[in-house]
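The two complexes that follow have subunit A in common; it is paired with subunit B in the first and with subunit C in the second.
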Partner chain A sequence: MRTKQLFIVASALMVSPALLFGAGTISGKVTYTGTPAKQKAIDMSKEPSCAKQHTTPVTTETVVTGPNNVLENVVVYISAGAPDESTAPTQAVTFTQKGCQYLPHVLAMRTGQELKVVNDDQTSHNIHPLAKVNREWNKSQPPGTPPLNEKFDKEEFISVKCNVHPWMHGFFAVLKTSHYSVSGENGGFSLPNLPPGKYTVTAWQEDYGTQTQDVTITGNETKTVDFSFKAKPY
Partner chain B sequence: MNAFSKRLFLNVLLAASIATPCLAQEARVGTLTGHADAGKKLYRRFCVGCHGPLGDGNGENAPWIDPKPRDFTAATFKCRSTPTGTLPTDQDLYNSVGRGFYNSNMPHWDALTDQNRIDLVAFIKTFSPRWKTEKAGDPINIPAEPAVTMQSITHGAELFQKMECWKCHGQQGRGDGPSAATLTDSKDQPIRPYNFAVGGDDSRFKCGVTNQDVYRIFMTGLDGTPMPSFADVIQPNDAWDLVHFLRTLQTNRHSKENDVLKAAGGKIPVKAADGPSGSGGQ
Partner chain C sequence: MGRLFAIVVTVIALASAVPIITHHWFWSDISFAPPEDISTHGHAIDDQLSDTMVEAGLSFLAAQILLGLFVWKSAERKSTDAIKTFPGGARIMVIAALVLVGTEILALGVLGQKAWANVYFKPAAPDALQIQTQAGQFAFYFRYPGADGKFGTPHPDKIDEGNSNFFGLDPANDVESRDDIVTGELAIPVDREVHLMMHSKDVGHSFYVRELRIQQDFVPGLDLSVHFTATKVGKYEIVCTQLCGLGHYNMKAYLNVLSQADFDAWMKQKASEQ
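This part shows the complex of A and B:
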């Protein structure tokens, strides 16, 4: 009985070293000021199998906003100060092509992490990451074929497109850290499990660029950091 | 050695090391070994006008050229025997220099010797650091070509529908598919899909003339362009059937494929059961 208790305590300590020192969290919201450019309507009439999957008009997703000026699809990550993580998570991240759109529009992953690319459509797509630091490749994925398994070794924000359907556009955010978060519908993000230390937090938006802020975590606390991007009006 | 002669000696040594920067990059094809130092001189005479002194494709002729000269600093090449996303072999680059690129301003460099061409390949590899950190990919395996039959051509035609080659290349392979007008290469330059129907016996592909070359083109893809790799989704036997069908799209070219098709009445039977329009794909 006693050994069992000891075991539980020991394994709890092993699971998260951050628990030993108290785990800090950096969380906040991403918003914009000004008036963002109106997103362009997408005409999918050339691909009826995709067009019929959408009941509401589809637009580009360069800037996705929500109520109270929040910004979606912003990658917030620890760009400096995070403990060195030598191995990538074993779980794969998934990038799905559905209704001739990318789900999610911005997919964050760790360098070396497995990336699974799925085609849920009744049409052929080609997945073409326009990598500059990593290797550029371009693969066809007809309907009903198994997922592609890929990975990227170097940190880079990679623009992804499908040449067959020119409106399809997304991003792979390949990061050297597992401490990342992509802002959701409420513009919120959260970076948990941070041991005490000085961190640089970077927020990246595909059209508006990057912003950084320095944050110090001293113990078991949650620090609020908000980012505000100036909208590009064109 | 007194202080003066020591300093003189060091200065001479320094001057010598500046005067002869050594480009260590090499290239090998068969028994030939190319040296970047020798290639540099040839490059400055024959290639610099289009590909530019920095190898970035911005030579003084570049603004008037379409398609644009290759940017060697990106180390992305269309014609490879290696899988998409990998570096080409020295042989691939050597072949490209010798063959030239049909439908572009890149001539075939027959006038240069074999040694000249392999020296150029060695020099081209100095423009990107990838050649130091990465190895060329392993060339894809191309099995022996099966006989050309109507069955093979017909199956190839079905694959042309299933793989949706027509989305860019068009139903008759004229490069006029629904997506054709929107295509751009990786440098955002407009690019046209290959028009199979153009030309007669001289209608050549950029990456070669043989059936093996056609097989290789769609299996490896043309990196830096919209043409993807089909290596993961087409089986080798199916790939040969597709090659045989693609040859029939070259309607004015004499080929065994066109002979077989003509002998069978000139029409490819269309399977009614799984036509492209039935599945909602069109």
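This part shows the complex of A and C:
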């Protein structure tokens, strides 16, 4: 009986420290000032099976903006202060090649988390993460083959390219923490379940670099943190 | 038995040489015909190939018939008969063969010069449409100078394919590069001379359009060029014909020959997408 109670308490402690100490949230919006560079149209004429999947012109995704100057595809994460997390989530993240583009353009994941790479196209792709800290790899994936399973052990932002289709470009954001968020269509992000403490929040944009802000969470509260990047005209 | 062999040799020679020699006159509409020629210089190359085929076919036939003739003549020879040799020995035969083959090759070279030299020794006209052509693993990219008529300077260190900067342009500092038009398709106006300035980004590649009768290698480190005039509107395939790596089979682009009006519209469209 006593063992059982102890077990429940221990489980609660392990699963969610936030339950005991209150859970704070950091949320906000990522915006830009100035005029961002015009994204270039991608010419896929050499790969008709991909070109015909797109009814509207496809452009590069180096800087993706939305109404009210919001920035998409910005990775916002706790870079310091987050509790140590020893195990990676068991659920895999998926990176899909469709219409000779990467979906999503920026994929965030935990170190050690399983990454599934899917080829949805009728053509061969060759996925090549240009890792510098992690082990670099380069694998061919013909149409109809099962997904590739990979993982990265160290924290790194990795540029990903396809060796067959030079215009294909994406990023893997491999992070030590599971407290991350990638800004969506409204530029918003949210980092929930944060126990009280002092945190450094970092926002990373592939072209504009990084910004950091320090935030203190005292209890069950939501703190708003906004990031604003200066756009480059070229 | 020997005579039968002579007949077989002659029949095989005739059966293989006749289609080769006569292909130009009789079979040009059937599957042996070369693909349609859409260039102003292509007919000279086709004629040259035809001449070579006819000449080689005739030489082959003559040599085989001569062989057959000798076999036929010597078929009845008894083992006790004296062996006859060619008067003067082998030396005269060797010299005669050298002179004959030499003349043949020289003649083909002299005749062929007008087909080859027209493309390679004659510079492009100054008003030819200049297009920079870059081959890289595993795609071709083309650059038009844009409204200012000037190409921006390429910087190899600024090449960033993920951002579609395939030529390494620096629009932030280089004004001339701002209106350059980069495409993955080679569109050209019909009946206007086009001057392709070619370079490779990485390894050896080749630019081949069979309907244009042009095949030119890209050699890393060399700036090469070809010029031609296309005479027929249509869409043709540009393929890489130099094994360049894993994706070589998939390295292609399209040549789009357009009327002047369509070309201007296309150019406008592409300029707006840059």
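We take it that the second predicted complex is superposed on the first by the 219 of 234 C-alpha atoms of A that agree within 3 Å, B and C clash if a C-alpha of one lies under 4 Å from a C-alpha of the other, contacts with A are read in each partner's own complex, and residues count from 1 in each chain.
One rule holds in what follows: a residue touches a chain if its C-beta (ideal position, glycine included) is under 8 Å from a C-beta of that chain, and two chains touch if they have at least 3 such contacts.
Everything numeric in this text was worked out from a predicted model, so none of it was measured.
Q: Look at where subunit B and subunit C land on subunit A after superposing the complexes, then choose clash or fit.
A: Result for subunit B and subunit C: clash.
Q: Could you look at A:H169 and tell me whether it touches subunit B, subunit C, both or neither (first, second, both, neither)?
A: After superposing on A, A:H169 lies in contact with subunit C but is clear of subunit B.
Q: Touching A:T60 in the superposition: subunit B (first), subunit C (second), both, neither?
A: Only subunit C; A:T60 stays clear of subunit B.
Q: I'd like to know which partner A:K40 touches here: subunit B for first, subunit C for second, both or neither.
A: Only subunit C; A:K40 stays clear of subunit B.
Q: Of the partners subunit B and subunit C, which touch A:N126 in the superposed model: first, second, both, neither?
A: The answer is both, since A:N126 touches subunit B and subunit C.
Q: Using the touch definition from the top, say if A:T145 reaches subunit B (first), subunit C (second), both or neither.
A: first
Q: Taking the superposition on A as described, I'd like to know which of subunit B and subunit C A:E136 touches: first, second, both or neither.
A: first
Q: Identify the partner contact of A:S49: answer first if only subunit B is touched, second if only subunit C is, both if each is, neither if none is.
A: The answer is first: A:S49 touches subunit B but not subunit C.
Q: Looking at A:P233, would you say it contacts subunit B, subunit C, both, or neither? Reply first, second, both or neither.
A: second
Q: Among 112-120, 166-174 or 274-282, which stretch of subunit B shows C-alpha clashes with subunit C in the combined arrangement?
A: Of the candidate stretches of subunit B, subunit C runs into 166-174.
Q: Go through subunit A and flag every residue that touches subunit B in one model and subunit C in the other.
A: In subunit A, positions 46, 123-124, 126, 140, 163-166 sit in both the subunit B and subunit C interfaces.
Q: Residues of subunit B touching subunit A in their complex?
A: 74, 76, 84-86, 134, 162-164, 167-168, 178-179, 182-183, 186, 221, 223-233, 279-282
Q: For subunit C, which residues are in contact with subunit A within the complex?
A: Answer in residue numbers: 136-140, 161-164, 166, 171-172, 182-185, 246-247, 250-254, 270, 273-274.
Q: Provide the residue numbers of subunit A that touch subunit B in the complex, in ascending order.
A: 46, 48-49, 122-124, 126-128, 130, 132, 135-143, 145, 148, 163-166
Q: Once bound in the complex, which stretches of subunit A touch subunit C?
A: 38, 40-47, 57, 60, 62, 123-124, 126, 140, 159, 161, 163-169, 207, 232-234
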